[in-house]
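Scrolling down, you'll hit the structures one after another.
Both of the next two complexes hold chain A, though its partner changes from chain B to chain C.
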Partner chain A sequence: MSPEMRAVFQIFGVGFVVALMNTILRHADKEEFAQWTTLAGVVAVLVVVVGYVDHLYQEITRVFLNTQ
Partner chain B sequence: MIGSILTLTATSGIGFSVARSYRDRPKQIALLAQGLRLLRQEVEFAQVPLPLALSHVADLLPKPVNLLFRQMATNLEEQKNAGEAIDEAIVSFEKKLAMQKEDYEPLRTLGAVVATAHRTHLARELDTALIRLQSLEEIAETDRRKNEKVWQYLGVLVGVMIVIMMS
Partner chain C sequence: MHIMQLVGFGLSATILATVLRSYAPQFAMLVALLAGILLFTSVIQNISVVLDMLRGLSSSAHIDSGFFSTVLKIIGIAYIVEFAGQVARDAGEGALASKIELAGKISIVILAIPIVNDVVQSLMHLLPQ
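Then we have the complex of A and B:
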């Protein structure tokens, strides 16, 4: 599996698990924990994505500004 | 692969053990209340001395709550006063039982008055402790309903999340 596809599946998995946790925590009247879980999920996805965003930014600067 | 299985097992184990402590708490409070009821009978009707009454109660109750009563009886036999005997038994079993600090308060209060109380007064104090334990049991039961399943699911889901992030 290519690294890009792996990242897509990772993000899908994290999103799915976070959605499940959110539902369970809201069901148990733990709204605050649910919000923290969502935030943790967003941070986890950002950790996965940040490398690709950096790569994209470098590509854009290379193509349009011709700096590299 | 082995790492994933170990992580999943560890987090699920933690989740299930927290869930178990929520499940055991109301049961143990109920058993403690049952123990006090038996103690009331022993003291009031059979007129047995307190250390012997406590060890009779310990014989009748299931584990692990009977160990608390057994320890109280042993402490009393070592010539400690009732308050100390109950306090020390609670301190030595606090970590081993699922009950929380506030669940022992009726017992501690009972220990403080039991040394000076007359037999009829003691029965009244036992009744008060039983009423307090009953309300604590209701609170513990509400907690159990709210948290037991949540911790079971969360343990597994956090494990899945870690496995996804590490893969």
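Then we have the complex of A and C:
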């Protein structure tokens, strides 16, 4: 299990848990809670993905501009 | 990274994204985006080997290093813009994707202006006054 693969599976796990929470909360007719959990999940995942985007950007500037 | 690893990684990320699409579409897009970023990062390291070879060739051919670094910048811009445009198009934002590509084209043209000037100057010297 390479680190990249682990990151992708973690994001998949978060998405799946949020989807489950949505259906559960919807059955308990707490619609607004469902929307809040989805938003929280997306924000958490975005924080992780932005970290990888920053790493990618540094790689590109290092390789193409070799300014580091 | 070995090519089979890359292909296996890409395929499994695609499967995960399609599974997620029916339950939580936002997360499907995020999984695809993250897989794209990770694949791109692992490929970029291999590209630096090619660029070093090209840099060696250009210095041995006494080409002005300014031109070569501009060409490298343009290639870098092209990579990033193409990546972002494809991600936007996957998410269904065709208009946004074309705006990203427009921005990339404009920044490439701006980078190319000094080179065009030099070419025109050298042409003018060739023409008899």
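Annotations
What we mean here is this: the second predicted complex is superposed on the first by the 63 of 68 C-alpha atoms of A that agree within 3 Å, B and C clash if a C-alpha of one lies under 4 Å from a C-alpha of the other, contacts with A are read in each partner's own complex, and residues count from 1 in each chain.
Following the convention adopted for this analysis, a contact is a pair of C-beta atoms (placed from the backbone, for glycine too) under 8 Å apart; a residue touches a chain by one contact, two chains touch by 3 or more.
Fair warning: this is a prediction, and the values are worked out from it, not measured in the lab.
Look at chain A after the overlay: chain B and chain C fit there side by side.
Applying the stated contact rule after C-alpha superposition, one finds that A:Thr38 touches chain C and leaves chain B untouched.
In the superposition on chain A, contact is made by A:Leu46 with chain C only, not with chain B. In the superposition on chain A, contact is made by A:Ala28 with chain B only, not with chain C.
In the overlay built on the shared chain, the residue A:Met5 is in contact with chain C alone; chain B does not reach it. In the superposed pair of complexes, A:Phe64 makes contact with chain C only, with no contact to chain B. Annotation: apex chain A, arms to chain B and chain C, angle 170° (C-alpha centres, rounded to a multiple of 10). Look at A:His55: by the touch rule set out above, it reaches chain C but stays clear of chain B.
Taking chain A as the reference, the larger set of touched residues comes from C, when chain B and chain C are compared. Judged by the touch definition given at the top, the superposed model places A:Val14 against both chain B and chain C. Once you line the two complexes up on chain A, you'll see the smallest CA to CA distance from chain B to chain C is 14 Å. In the superposition on chain A, the residues of chain A contacting both chain B and chain C are 14, 18, 48. Those residues of chain A whose C-beta lies close enough to touch chain C in the complex are 2, 4-5, 7-9, 11-12, 14-16, 18-19, 22, 38, 41-42, 45-46, 48-49, 52-53, 55-56, 59-65.
By the touch criterion given at the top, residues 5, 9, 12-13, 16, 19-20, 23-24, 26-28, 30-31, 33-35, 37-38, 40-42, 44-45, 47-48, 51, 69, 72-73, 75-76, 79-80 of chain C touch chain A in their complex. Contacts from chain A toward chain B in the complex involve residues 6, 10, 13-14, 17-18, 20-21, 24-25, 27-30, 44, 47-48. Partner chain A is touched in their complex by these residues of chain B: 146-147, 149-150, 153-154, 157, 160-161, 164-165, 167.
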